[in-house]
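Next come two complexes, and both contain chain A; in the first it sits with chain B, in the second with chain C.
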Partner chain A sequence: MGICQALHKQGSFMYSDLNQRLKADVRLEEGLQACMNCGICTAICPAAEFYEYDPRSIAITVQSGNHEKIAALLESDTIWYCGQCMSCKTRCPRNNCPGLIINVLRKLSQETGAFIKSRMGRQQYLIVKSIGANILQFGYCVHPTSLVPATHPEQGPVWRWVYENMHEVYAAVGANLDGDGPGAMRKISPTDLKELHQIFKVSGGLKLYQTIGHFSQLKAIELGLTDENGDADMEKYTQYLLNE
Partner chain B sequence: MNNKHVAVIGGGIAGMEAASVLARQGLKVTLIEKQANTGGKLNDWDHLFPDFSSPEVLVNSLATKTKDSGVNTVYNTEISRIERAGKRFELRANQDARFYADAVLVASGFNVFDATIKEEYGYGLFGNVITSVDFEKRMKKHGQLHTIQGTDPKRVAIIHCVGSRDAKVGNTYCSKVCCITGIKQAIEISEMLPDCEVFCFYMDLRLYGSKFDSLYLQAQKRHKIQFIRGRLSEAAERADKSIQIKAEDTLQGRPLRMTVDMVILLVGMEPGASTSQLIQKNQMTVDENGFLKSANVHCARNQSTQEGIFMAGTAICPMAVNETIENARSATTEIIHFFENRRP
Partner chain C sequence: MNEPDMETKTKIRWSEYNKEIANDKFFYLRSCIRQNFNPGAEKVFLSILQNKLGKEVYDDPHHTTCSGIGYHSDIVPFETFQTMVARQFSLMTERGYKNCAVSCITSFGGYNEVLSTWKEFPEELEKTRENLLKATGRTFEIPENLSHACDIIYKFRKEIAAQAPYRLINKETGEPLKIVDHIGCHYAKIFPEKGVGGSEYSRVLTGMIEAWGGEAVDYPERRHCCGFGFRHYLIKNNRSYSISASRKKFESMQPYQPDMILTNCPGCNMFLDRWQYALAQIEGKVYGGKNGIPVLSHEELAALVLGYDPWKDIGLQMHQMDVEPLLDKIGVEYDPKLKFTGVKGQYINEPEFTGCLARTD
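Moving on, here comes the complex of A and B:
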């Protein structure tokens, strides 16, 4: 059996009971009671102004319980456009929250591997690799030492100078970079990091990292991004994602 | 039955109609109005749907009927309490006045939704955002519609469901009369200012009444009123005092921004302010929307949950003018049955 077939088979297996799995998430109970299609969420949504994105139609799709349409959503770029600002929650006349529905769909997309079917979804791998690793290594989602100028051109030319003179710059603005004691960007103690690691373990965060890694490897193999042994070459895959 | 006394609370159209019918049946009737005039909210209204008739004519004819039938009307008197006193009821008013009655009819009406609660629509903040009630008052007083800058509006947006079907303001029910009011006002604007574009932002057009749908057709066909299915998320005032509004055109599936010269908010109906007072000291209750609860929603609509206290009009639920009058008449039938069936 080819890897694509294996992926397909696994995918179709993983896609069973989508509705039940959505409903099992408490956030859906909170996020979608009954939608009357008024569109106020889309009207307030910042993402809807920039992307082909319509939170109302997502709410309606989930409400419909249509398996094919929900599966298509899980495989789409659509669910990754939300910026989680939760403006929709402040407006919905039925007290729904499309932002929470999106959370549930994203989680299911990650768990089922559907995320590797879309460009925006595949970015999950990069996020786990950067922010996901940072939080466990440093206790910060973003840490200056991990923002290497070469891989973060979006930071602009000044960042290179900040990066190269990191300790002086941070000290000059009153931060305590990697230092003991209080202050911004202080070192997070090993006890706290251990606790953080434990939280990720118990809450399923670590498992989700592994799941995202697993499906990303399958995608790398599908794309032929392999080493001499035929295993996924995740450095090549990272480069692929950065250029995609 | 002729020696029985009925106190009717509220001199709006429901109270006037019911009082005059009861008096013509030979009952002693006292109509108690908190303001200096009868007619209630209709005194501020310019034209009625669906026939663009004058509420003034209606109110005057009801006032004449009330007077001619021998109803004793008391003005400037607000009832704060209805208490059972043996087989009768004692009604207390604000300035220690007391009334005694064998049956009470509560026709205390509704409150208009306070649009400042929907802060995101800018009512009370932006001069060119008005309510449907303000529109009627202006039309009645000035006979014309101007922006705050004193110009004729070139574009007007009429917003449906303000304070209705909205869990955020605690009113999940439909106020029912706003859709047709919006269409009526859109037509009036279009007739007054033929160059003005009028847009109605709606969720569902609930045109339940006879002749309502033909008014909708007329609005589209003759007046080119545009109907956009989407609920407004917010309104913002621009430097030139025009109003930018945001909605989703849900039939197109596209977010929409539009700049208009004026916004009219179709404000819904809420339970009357006096309702919570009137249900104290007796067995009356309110329904899930805060309106007075009927003993049976089908066959005893006008009976409250307290025997001997009846209800009429918008104290029960939102209703239009013609329904209110019909409802008032049906209340009188229930009151007459109550006296006929009562053991002496």
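Moving on, here comes the complex of A and C:
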């Protein structure tokens, strides 16, 4: 089976039970009780101010249960515009939370492979490579060694100074960088990291990483970003995403 | 309507915007971002509670990230997030604590989301118990009280004021310092009843400012997001979203000429500090102060008025925006030569420049 056929097959599977899969997530029940289309979520939304983004229409589309429109959403950039501030939750007169609906749509988009059909969706691979890897490697979402000044120019000269004198600076302010025992940025012990890994394994965290990786590999091959054996070259794919 | 009735009504209304904050015996849950960028803030928070207020706080080396940044950037499933949160509660249970003190706003919102889910959907709680037991052999109890670190500082703001050698008053003019606040979105936007003052009229930071002698200044975009946006900052290509949101806030607060920005969220604190630098580099614009507006968190400001050393104790040298103008206004005693020194007080070297723009003098 060719890659395009494989993707198509995933797409066909996706279209068959979309509503059911959305409703299986308890967050949809919490996030979408009865939208009356007033649009106050869009009025308050920082993403709607910045992007061509309208949380009102997303709530209405999901509420309609229209398979084709929901499938189109899963494949679009649209669902990736939300910044998860949840301002929509505060202001909704019906206590809906479009930001939570977005979480459910994004989950399904990734599980079905629809995310690789949009530029913004494809970026999920980069987040697995950074935050996802940090969680498993360090037990933290963020670690100072991963905040390289060259890729974080916005962090400025003080962060560069911290980065270049890392152990001395952290120690000087009483942190415990990579040390044993308690304290800021302490080393997470192998026993604790093992528990974290087991949680990811048992509860589906690792599977989601793998699913994002799998579909990203398919996309890399579709784009011709391969090595001499015809396998996906994920370093080339990473560079592609960074410049896309 | 007679006067006593009005008073009662007002009290009832205010009580709706208050929350219960535990008094003692806290299990501390650290923040990934605060540990990275402002580790001194967490250190002084523990010290204030233990040494100034006489409270019991346990700093457990075994807790990890809650994975909240991964959850809100959608690479960590809700089921996994719930189980990660359950492990934190398991550690709390194991140590015999019932009150959580949370450093991170993303975590705080996440813990509240998980607790609310377990209440609404008991089957999710059961599934989480099964997942945690299978993965780690652990069990857990649900905390009796979940407070953010800023809630706790707010609760004890008057006790802090009573011990503080400094007030938020300009020592030259005698005028209160003008302070704008920024509340992290996940503190109360998702669950307004979990924040002091709710979401629209947050009191948690303004209460501290006023208790310590300053003037809390309202500004039009006070409630606007700092722009973290999770995936929007994490992906370099999307960072224009983040900086645009912060820019909107700076534009909105600039006319009020604030002496400082007070935050409760580790991420917001870092972004409002760093984006001032980035905007100055891009647009040449400085929004206030001598070379930028100092941005401090609730722990950092509490420590400052209590007389902790700005460098060795609080670690304010890790901010891009200079804090010295603020220290000078308050009259805080400090040694400028110690700012960029190491553990033994030796000079390390220093950043190319601090603040928004390199000085030309």
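Assume the second predicted complex is superposed on the first by the 229 of 244 C-alpha atoms of A that agree within 3 Å, B and C clash if a C-alpha of one lies under 4 Å from a C-alpha of the other, contacts with A are read in each partner's own complex, and residues count from 1 in each chain.
The rule is simple: a residue touches a chain if its C-beta (ideal position, glycine included) is under 8 Å from a C-beta of that chain, and two chains touch if they have at least 3 such contacts.
For clarity, every value in this text was computed on a predicted model and none was experimentally measured.
If you put the two complexes together on chain A, you find that chain B and chain C both fit without a clash. In the superposition on chain A, contact is made by A:S57 with chain B only, not with chain C. In the superposition on chain A, A:L32 makes contact with neither chain B nor chain C.
When the two complexes are overlaid on their common chain A, residue A:L22 makes contact with neither chain B nor chain C. In the superposed model, A:P157 lies in contact with chain C only, and not with chain B. In the superposed model, A:N95 lies in contact with chain B only, and not with chain C.
In the overlay built on the shared chain, the residue A:L242 is in contact with chain C alone; chain B does not reach it. More residues of chain A lie in contact with C than with the other chain of the pair chain B and chain C. Residue contacts after overlaying the shared chain place A:A48 against chain B, while chain C stays out of touching range. Measuring only between alpha carbons, the smallest separation of chain B from chain C in this overlay is 5 Å.
Put simply, chain B touches chain A in their complex at residues 120, 161, 165-168, 203, 229-234, 246-250, 253, 255-256. Residues 25-27, 29-30, 46-47, 50-51, 80, 83-87, 89-90, 97, 103, 106-107, 110, 120, 123-124, 126-128, 130-132, 135, 139-144, 147, 151, 153-162, 165, 168-175, 180-186, 188-189, 192-193, 195-196, 198-205, 208-209, 212, 242, 244 of chain A are the ones that touch chain C when the two sit in their complex. Those residues of chain C lying in contact with chain A across their complex are 30, 32-36, 39-40, 42-43, 59-65, 67-70, 72-80, 82-84, 87, 109, 116-117, 120-121, 124, 131-132, 134-136, 138, 185-186, 188-190, 192, 199-200, 223-225, 227-232, 234-239, 241, 243-245, 274-275, 277-278, 311-315, 317-320, 340-343, 348-354.
Residues of chain A touching chain B in their complex: 36-45, 48-49, 54, 56-57, 91-95.
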